[in-house]
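Please go over the structures that come below.
You will see chain A twice below: alongside chain B first, and alongside chain C after that.
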Partner chain A sequence: MKKIGKVFTRFWAILREIGYRYRYMWQRLGLALVTLFFTTIISFFLVRNIPGDVILSYAQELAIQRGITIEEAMRLAVQILNYDPEANIFVQFFEYLGGLLRGNLGSSMYVLDVTVVRVIRQTLPWTLFVASIALILSFLIGTWLGTRLAWRRKGAEEIAVSSYIVVSNSIPDYLFGLLLLYVFAYTYPIFPTNGNYDIMTDPGINLPFIGSVLYHAALPILALVFTQVGNWALMMKGSAVGVLGEDYINAAKARGIPDRIIVKKYLKKNAMLPLITSLAISFAYLFGGSTLMETIFNYPGIGQQFASYIGRLDYPMIQGILFFISSVVIFVNLIADSIYSLVDPRVRRDA
Partner chain B sequence: MKRRMTFRQWSANNPFISAFLHNKKAIVGLGIMVFFVVVAIFGPLIFPYSPEIDYANYLAKPSWQHPLGTDGLGRDVFRQLIAGTNDVLLVAVLTATITISIGVTLGLVSGLVGGFVDRLIMLIVNVFLTIPSLPVFLILAALFTVNDPLSFALILSIFNWAGLTRAIRSQIISLRERDFIQICKVMDMSTIHIIFKELMPNVGSYILINFILVMKNAITGSVGIMFLGLAAFEPTNWGAILITAKDFGALFIPAARIWLLAPIACIFSFQFGIILLSSGLDEALNPRLRKA
Partner chain C sequence: MKRQKNQSILPFIAAFATILVTGCGSTSLASSEGPIVLSEEERTFNILHNWDKVGMKNHLNAGTNVGPLAWFSVESLIQYVRSTDEVYYILAESVEHHSNSTSTVTLREDATWHDGSDYVADDMIAYYIVNQGQVTNYMTSLEKIDDKTVLINWKPQMEPNERVKTLLLAVDRAGAVQYDEFKTFVDEANRILTSSPQAPSGYTGWAPFGRIASQSNINDYMANYTAFKNYNPDWFVGTGPFKLSRKTETEMLLVKNEDYWAADSIKFDFIKATNSMNDLNQKYNMLSSGAIDYQDGLAPEATMNQILLNNPKMAHYKMFDPGAIGVVFNLAKKMQVNGVAQPIWTDKVREAFQYIFDREEVKNAGNPYAITSWRPLMTMAPSEAQKYMSPDKYAEIETFTHDEQTAANLLVEAGWNKADGWWYNGGTKVKLNIHYDGSHPGMSGAAVAVQAALTSFGIEAILKKGADFNSWFGTASSDAWAHELSICWTDLNMSFSFPTGSFIYAYKDITAKVLHLPRFTEDDPSTTVIETNGFDLTLDKADGSGTFRVIDVLDGMYYLNDDDLTEVVNDLVLGVSKKNYGIQFYQNVTGSFINIGKLGGVPLQDYLETSRNVTYVPNFEDDPDNFYAVARLNFHFAYAVPFISGDLYPARLDD
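This part shows the complex of A and B:
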């Protein structure tokens, strides 16, 4: 009996130790869950705006298509849309939650057999492709510029880069995209005006297909990179100036370590650390902001679909896509926070 | 007897004003913004806009009568832009006012009261910071009929206040422990005095700069919503001109070039002014950045 008690105490101590050591991560996880719950509530209340007669006309369409009575079609419609206008609000909410847990994000109420899951499966890869390439490129260029700015404070380079930052910040990214489209796709038809790849190529891992994908994504990526680089450069400059004041930089200089290595190994690596969480914020911005950019370039990603469903007021589709976009963003934020706390132990101690 | 001070002497004595006047960026930025305000107020009086349709005169080239040509329905583009300035500015200023009021109030409460209230406010802030804003803007704009600047501003404010609240809170918390606030507390001064006489002057510059930056976000957001055609708003709003031009096919038609590019140029120059002013103010007000 005593032995079991001892084992239990040991076990409890280990559990407490884990809970304590990773308390920052637990907090973040809890926050992510709360945010996800809020998003669910927001998207749930959206669907309560559905006018009742929409369900009726949906049922009528079903009845005609499948040759069943209108009562049966009504029941089927409630089942497919996972929304019963006559049920109690709490029952509706739990039905909705149950649907989400079963992976049923909803289906279109105007077009039969179009579901959120299918739309996501078709369009998500394209949005992820554009957003991640733009994020990586702008991060690399921006941090490089920011380090240079912090290392050499005065001179023509600083003026040029600061002017670029002001100018690129002054134009919303989608308007810059529109300008690019106007100049390089319509006035001088170098790049395509819509689509994500040439239908003449064969989707798969082959050179013509990859080339055509890059060719179609070039303008949206360029527009995003142009407007994002300035922010990264500013953030990196601020962070690097702080690092330059640290003792270990002076110590490295005193030891006669070449400048090139100081910048690369001491300055850049340490200054990049705080930018990890900004990566998640920037990704969220690019991913959530894909709506405008993809609409302008007629790029068939998730954002363009989202905008078109909003335009048609197809509530279940809007609800499902909003829920999906938000969960991706919440998840990415959680990952970034966790990575940051692993890389930089100071965060864990402060929590 | 008190001697009258000239503006020059007064500005030389006030460190902030003199730093501001010596900052070229801030002066240029302020100039651009004042120009747009003047256009918004007096422009419609000098160049009244009439929405009359004149098919015979569509896509006219720039002339003395129509300095920027006409749009696809024969209406003057220059006068449309002037008529739209008012709405764009109004939405921006209203959004900034609402956002700043919410952000500063919650940030102050959160930082000063602390404890449970602080944790609750921070939880809400974190939730709002994580939910992606643009999709929610679009949905709100599509669900509620947005037809006046105030409701537009309310929708845009929903997601702007959270970051500001967090920043104000952290500033208040760092100020709260400083000596001059502690002395006030020991001297039993009222909370009202501490907030308005001690804390506000210290965070004032930060609030001012953020006011300007929120205006920029509001313009980007409102034009974006207009651009997707989700707001039933005046057809003279810059974003609305842009979307009308794009839907008309201005991308294909060389004659419609100015119609398409003019609103973009307006948005660009206004935001350019905002950024210059805010970074100039930052340099003038922030002692760390002030050039000796």
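This part shows the complex of A and C:
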């Protein structure tokens, strides 16, 4: 009995130790859950207050599609939609919350078997594909440019790159997307105007399909890269300038180590560290904010699908996707915070 | 090291080369049919449409948007052309109406489904049994005579006239339900229907096939209907001239149905559709670059000219839209007059407003191709009113010129006064909010012109933009939030042109709610259950013999003969026009962009030689052939009719 007591005391001490040592992370986790909860409440009631009558909206769509009167279309709409406009909003909220706890993010008012999970499964890979390639390319190019700017702070190269940064930061990404589309798809039809792959290719691991996917993604990726590179270059420059003042850089120079090695091994690696956490956060925001770019290129990612559900006032789908995107942003922020605390013990201690 | 760097670039170069080689590949095929060999591109009709990217099901009634399949794959017994009511017999070879409240539908011998099976009487009956649409409320039963013949029994107390019977049959897509494919749901719907009691004799309320369902039966029916719409067949259920071949989220390819009964008339082999997000920029760019061959609707004048300049093969035709755009007053709105809340829109004020606007200018701002109207709100577009009213009564509708002095005199009579260049009512400066649907270019343009005219006249006017029709209507019909006036459809027929469509839009669906007309209440002893919550409006009869309640004539219009119909339309239109409830600015005109380099057989060739922006709008009285031919150029109005009839074909066949 005494032994059991001892084991229990020891176990409790370990738990307390873990709790104390990682108290910063527990706090962040708690905060993340609270944020998610309030996000869910706010998004539910915001979505329900989007102006417009969903039955009338659908009836109008049916009337136009089928050439029938609004009256007949209203009758059909009530029959077809899985939505009761008279239901109490608080009852609907608790049903929604119950669904979330059971892992059910919701299903479309128009077609029951179109669930949020199905939409995410079908559209998210396309968004991730474009967003991740764009992010990696812009990160690599941006950090490379930022390092060069920090290392050589005078000359034509700095003027050229700085000008580019100013221009790319001033032009909204959607405007650049439109410009690319106009020049390279409509005026000079080098790239396709829309879509994710050619209809005549068979999806799968085959060269025509892979080539078609890359071909269709080229313009959206280019638009995102162009507008992201400037930010990364600016952040990298700031970070690298700070590193340049460190003693170990001066020591390396004094030891006669070639510039190329100093830049690569001493400067770039150390300056890039703080940017790694930003990379995670940018990734979350990039696919959360992909709606406009996907709409411009008619690219069937989650952002475009989200926009179409807003247009049709498909409340469960809007809520579900909003909840998913919010969760990802909050989760990625939590990971970034955790990385900070692991990398820098002062953050843990301050907590 | 340098060598290594160069090698690391190679995969990127290879990837880029793959992108270009794969993407820019040519897909030219030649056909050996006929003396003229057309390339695949010449035999492909490219359009922009939209459909559900996720979860689109393989039948029309699933509640998913099936895009171009609704135009080219799913058919009716009879197809009507919206705005002209021209009818084409599609799945039905003929429909004979008999004097004993019956009609015989003879189906085409060679009408088939896309899976190869015959379209038969069971299929037609299955559609109506499972969907129970509006027309079934006028039927008592459908009887199968043989595989290709169906007898319709109409309710004697609600028997529509022959024209309406035909049009009602034309509304439904009877080629959307194949009995064998949907047997389970059709049989269950039939079981529920036959277990419902017969409606009492003479009953005119909602009773599909003369049956009044109990709540339990309604629940069963809804459950069955939900299962029906969620069912997803292996093939797209249709009978039309084009079949679904391939589909991605953004592209759809339809191929010609070689077994189609009119296959010889159809000269295009493919329809390639791009899924649009209703992005105007995308639409205009695709028209300019020749990526699509057709698009219905208008574009702002400068944009249209630019499209036609960029694409020398593109032309734009205009056709009547059975609707008019103007102002609707919110009759319930009040303002503080000498400290007391008083209605703004008194008789005199409404009359005064008819004179304030130069309607030609408003029309030019809204739609320069439209036809200016100088009349008040009539609940019917001028083209329709002319068609359904007697000429003498149509001429009696008052017209209003642009006369600001008369407007000012009437406002003074109404108790308003002008000081410092602004109008006041009982000491309160008049300030009007103009609410409009910002997604509609015509209404947006007209709203700006109306604001300018009011400001110039001395009335402060503020524009309130609704994001789309839905958000505009949500506010405009609300008791709490509606603004003083709306720029909207004052008169519109969404369905076939029979006049009931316009009046239902006005008195049941939209206009009356925006006008905030008073409603019947349950407390009113003269109100029947059916009338409760209907709009309480009494109008003068056109012949001066007294008054009538609008609600009493609306539901009976389908049963009237031509003379009685003219009389009722005279009463309704002339009666409401005297109320000045709104201002009709212009009869709308819509249009179609047509690639005349791709599509042969287009009308108005003489006009095309002068300008590819064809501004001539043929009307029925003066130019009936072109009136019908131009309306058929709008696929949104006519669906597959221009191909089935052989009107349109690849342009190179003219060579």
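The rule is short, and it goes like this: the second predicted complex is superposed on the first by the 280 of 351 C-alpha atoms of A that agree within 3 Å, B and C clash if a C-alpha of one lies under 4 Å from a C-alpha of the other, contacts with A are read in each partner's own complex, and residues count from 1 in each chain.
The rule is short, and it goes like this: a residue touches a chain if its C-beta (ideal position, glycine included) is under 8 Å from a C-beta of that chain, and two chains touch if they have at least 3 such contacts.
Everything quoted here is computed from the prediction, not taken from an experiment.
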Which of chain B and chain C A:Ser132 touches, first, second, both or neither: neither
First (chain B), second (chain C), both or neither touched by A:Ser338: neither
Which of chain B and chain C A:Pro189 touches, first, second, both or neither: second
Which of chain B and chain C A:Thr295 touches, first, second, both or neither: both
Which of chain B and chain C A:Val329 touches, first, second, both or neither: first
Which of chain B and chain C A:Leu181 touches, first, second, both or neither: both
Touching partner for A:Thr277 - first (chain B), second (chain C), both, neither: neither
Contacts of A:Gly211 with chain B and chain C, given as first, second, both or neither: second
Contacts of A:Ala307 with chain B and chain C, given as first, second, both or neither: both
In the superposition, chain B vs chain C on chain A residues touched: C
Chain B and chain C contact sites that coincide on chain A, given as residue numbers: 178, 181-182, 186, 295, 307, 311, 313
Touching residues (chain side chain A, partner chain B) in the complex: 31-32, 34-35, 38-39, 42, 46, 49, 166-167, 169-172, 174-175, 178-179, 181-182, 186, 284-285, 287-289, 291-292, 295, 306-307, 310-311, 313, 318, 321-322, 325-326, 329-330, 333
Chain A-facing residues of chain C, complex: 15, 18-24, 27, 52-55, 57, 62-65, 70, 80, 82, 133-134, 171, 173, 222, 225-226, 229-230, 246-253, 272, 274-279, 281-282, 285-286, 288-289, 291, 466-471, 473-475, 494-496, 500-501, 504-505, 508-510, 636
Sites on chain A touched by chain C in the complex: 51-53, 56-57, 60-61, 63-76, 79-82, 108, 110-114, 118-119, 122-123, 178, 181-182, 185-187, 189-200, 207-208, 210-212, 214-216, 218, 295-296, 298, 300, 304-305, 307-308, 311, 313
Residues of chain B touching chain A in the complex: 123, 126-127, 130-136, 138-139, 142-143, 219-220, 223-224, 227-230, 242, 246, 251-252, 260, 264, 267-269, 271-272, 274-276, 279
